[in-house]
Amino acid sequence: MDIGFIGLGRMGAGMAANLAKAGHRVLAYNRTPEKARALAGHGVQPAASVADACRGQAVFTMLADDAAAESLVLGVGGVAASLRRGALHVSSSTISPALAKRMAAAHAEAGQLFASAPVLGRPDAAAAAKLFVLAAGEAEAVAAARPLLDAVGQKTFVISGPPEAANLVKLSGNFLIAATIEALGEALALVEKGGVDKRQYLDFLTSTLFNAPIYKTYGAALVDGAFEPPGFAALLGAKDIRLTLAAAEDLRAPLPIASLLRDRFLSLLAHGGDQLDWSAVGSLAAKDAGLG
Amino acid sequence: MDIGFIGLGRMGAGMAANLAKAGHRVLAYNRTPEKARALAGHGVQPAASVADACRGQAVFTMLADDAAAESLVLGVGGVAASLRRGALHVSSSTISPALAKRMAAAHAEAGQLFASAPVLGRPDAAAAAKLFVLAAGEAEAVAAARPLLDAVGQKTFVISGPPEAANLVKLSGNFLIAATIEALGEALALVEKGGVDKRQYLDFLTSTLFNAPIYKTYGAALVDGAFEPPGFAALLGAKDIRLTLAAAEDLRAPLPIASLLRDRFLSLLAHGGDQLDWSAVGSLAAKDAGLG
Amino acid sequence: MDIGFIGLGRMGAGMAANLAKAGHRVLAYNRTPEKARALAGHGVQPAASVADACRGQAVFTMLADDAAAESLVLGVGGVAASLRRGALHVSSSTISPALAKRMAAAHAEAGQLFASAPVLGRPDAAAAAKLFVLAAGEAEAVAAARPLLDAVGQKTFVISGPPEAANLVKLSGNFLIAATIEALGEALALVEKGGVDKRQYLDFLTSTLFNAPIYKTYGAALVDGAFEPPGFAALLGAKDIRLTLAAAEDLRAPLPIASLLRDRFLSLLAHGGDQLDWSAVGSLAAKDAGLG
Amino acid sequence: MDIGFIGLGRMGAGMAANLAKAGHRVLAYNRTPEKARALAGHGVQPAASVADACRGQAVFTMLADDAAAESLVLGVGGVAASLRRGALHVSSSTISPALAKRMAAAHAEAGQLFASAPVLGRPDAAAAAKLFVLAAGEAEAVAAARPLLDAVGQKTFVISGPPEAANLVKLSGNFLIAATIEALGEALALVEKGGVDKRQYLDFLTSTLFNAPIYKTYGAALVDGAFEPPGFAALLGAKDIRLTLAAAEDLRAPLPIASLLRDRFLSLLAHGGDQLDWSAVGSLAAKDAGLG
């Protein structure tokens, strides 16, 4: 199939290469064209423009944030304006549900198919086609996207509801991780003040009830105070909590832990923590307790 | 070894039987003597009084709450007054760190050994000697308790710090579970309002990042609204959060999620939820969002 | 002076009339022209368009929200595009600091003066020229605006800092009122559950430490459960808390009580409370406590 | 009337002197007898013991905390054991509702009258008989106490409900003050980050909607960062919030702002703030925002 791919950051590059590896002709566009040329060896051809990348039956977008996605999808000369009638847009960026909804409306008006398909995983998972993929949209769009999504991930979860439901689920996952970080941070501050060795404590937790990777990964970061270099920067974590709260506000769903996390992230950023790993929010409970 | 055992509820009965099975002579005391007699077939002999159960080299206590433990350990004719010099008291009740500290002081003054050894696990784990055991105290006391603890559990975690540190760690574990319930409840309310099927959502979570038993168990209870009969009653969950906050107050450690949980439990109890499973606190986010 | 006035709602109508009463020639524009004609008897002349209202030395805007203000000030044919070089724009709408900042930039670029001057008070205070007025901006702009502001209010408070500081102060005032409502709601729920008569309690509070009008006004609403008709609708209160939190986010200032209020308002709206008076958020504490 | 007075701290001394001034024979007891002797010039006679102070028709207690009040009222040789049948105990200490309830039960069993009558005001108000007095209890007890209370305060508020309702109302008042401090602290942090001068801001607030003494007093402390010497120490403020939350827990009333205040006070104490004025809790919002 002829597939366009817009956005060749660390995630997008791996995804585009995997689509090519699955046998598709991939035309890739990036604002800085070097990144597209770097993929030539992986069977990916550079596209001259967004419109150029939209010539085929499908196009993926994998962009950094709402501003970039809005501009390249809904702006002048963007995907919605360029894609042919009946062709498919797969949006894999982590964007707000509100923007996904507006994309869905624009594509519906233009007679195009739209699948909202954010992904979970780090760049290494993207390169190895080991992402988890969420997918929501009209049945026809999701069906058309399905084989492409299976080519970039290890498992695709089809989410009922409108297209933006997939974005909401993605955000809720990051919220749950951040909530775990905060709860762990509070528990660690408590037991440390009670004289317990933190490593011993984490070993106990992760050997018994909390034997999931997130407790091990973030627990170790908190115990060691190892927040640099960031796996996921606090500034981006703060953005995802903001998007979660904005979506919750539109849906009229109070989320007290998310509100707490918002305040925690703001405090972290106010103290210069933009480029720390987002798990650093879990260190604020210790600070409030007079530790460290 | 001659071992006394005080408190034959659903947890204590299994623990006492496993001590007998390991070859010890167990003298068991319970306020209502029928429970001690029921264990006769398991090699456990009934004791006539607390003092009677304190005749051997060691005595366990497994009591319902601070009031019972304070009365039977520190009260007139209690364990501290009855145990011989050099003998060992193993306290496995889920009690406040403050009470464990007072027990430690009383035993030190009386020249007795004291190990604080709360356990994690349900009655079936107690019966199968599959508990996780925490242990803290003077090295001599923990060493003496160790083979006995290994007889009632699958693994013993020795916790550095004073005896009450083990109780603090136990409480912190329940706090972390309750925090997970609340966070899940918020995430479920959010995605349900966004049109997502809750079972589908839980399947996604537990297939990806949140593949730990607690997410599966409590997530299913929340999705199904299945809070009866209680595995662990809300009234007891509320008590553990209260003990956690009291310990945190003594240590001057602010715990905002624990504060939120306290308010959630109070709201649940104010609406008649004492005997619901404690996971019902996770349903309040949906209620606040106008669902159900 | 020739003054334009854009936005003749209940607040703007009174302000425009008072400017006319002070001897100015007022050209007033409203989307629905009837409102401008209704003011003819008060010395106010209808303007045909925004541009028409911008012909004089100064123009006021008093619009409902950010969307309206952005469109009529920064949009095509708006105030910034229409006002002559050196003329003054006084923005009295309750808008976000972020929008005020953008207005300031646009006016600076166009060589116009800009004073941000939100007001406090109800429509009856606007009609009686009894408003409290905040004013911020370049010294020249504030000086030019000052006599006009004194004509619409009883007192003008000049706020140091950039123009948007006045909007921030306005929002913070509404935040403080909402915080008072919530605190009162919690205190009332507590004492009511303790068997105290709520009216007696409010009489005690407002006779001793809390003898300010806001405690009397909102306390009475809470005691009586009298939330209709709204003096200030919950939907607008929720909007102001949202604007406060957005400004706080830009400034990296965590505001835990504002976060709580946000969740309270969402819960109220989720239960159909859009058109209740905003003091109804104070009734949620009683609901959580199982009352009413 | 022959009246005993137990507890001659800065508050009690003024109250005892005013009872004497009103024509009563006052027998005063204090743990350190110098304080009783110091009042001799004010018509107050020293009592040799608690029992000695309980010989008349009425006895006041004005003690520092629950521990002191429990010991001297309910302990061996205490007020309940010493007072004659039909005589009156007026408890003016700021104690927990739970303890007041136990006092009421003890006095009822002993056939004595009991009025719970906590007071509001500083030592200078106590000296000048300008206290505000709360009173609750059986009608007969309140009627008997009324003229005595009128002698120590400027106004007496009779509170319906059980005796401990007066203590609950007292605590709720301190909660409302602390909530105001926190809200002001958040607002000040917000506007300061927005470039507004704090003194100018406070002048605006207290000239318009918030013209009550508490805003002026605590606002000035926050603006100046003047927390020493303490008017009311943070350690005592923390205690009152703890008592408020304990009472709310017994009544099953969630109080989210009180929960927040609890965490704020713990953070303040964890950083060595025990002897700062309790308004220092309002400075934590600025700290979290990276100020100061």
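A, B, C and D are the chain letters, set down in written order, and residue numbers restart from 1 in every chain.
In this text, a contact is a pair of C-beta atoms (placed from the backbone, for glycine too) under 8 Å apart; a residue touches a chain by one contact, two chains touch by 3 or more.
Model, not experiment: these values are computed from the prediction.
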| item | value |
| --- | --- |
| Set of chains adjacent to subunit B and to subunit C | A, D |
| Centroid-based (C-alpha) most distant chain relative to subunit D | A |
| Centre-to-centre distance between subunit D and subunit B (centres being mean Cα positions), rounded to whole Å | 38 |
| Interchain centroid distance [CA atoms averaged], subunit A/subunit D, Å | 54 |
| Rounded Å distance between subunit A and subunit B, as computed from the means of their C-alpha atoms | 39 |
| Shared-contact residues (touching 2 or more other chains) in subunit A | 248, 252-256, 260, 263, 266-267, 270, 288-290 |
| Contact set on subunit B toward subunit C in their complex | 263, 266-267, 270-272, 288-290 |
| In the complex with subunit D, residue positions of subunit B that touch it | 242, 245, 248-249, 252-256, 259-260, 262-264, 266-267, 269-270 |
| Complex contacts: residues of subunit A adjacent to subunit B | 97, 120, 132, 134, 155, 157-162, 164-165, 168-169, 172-173, 175-177, 179-180, 182-184, 186-187, 189-191, 193-197, 200-201, 203-205, 207-215, 244, 247-248, 251-258, 260, 285, 288-290 |
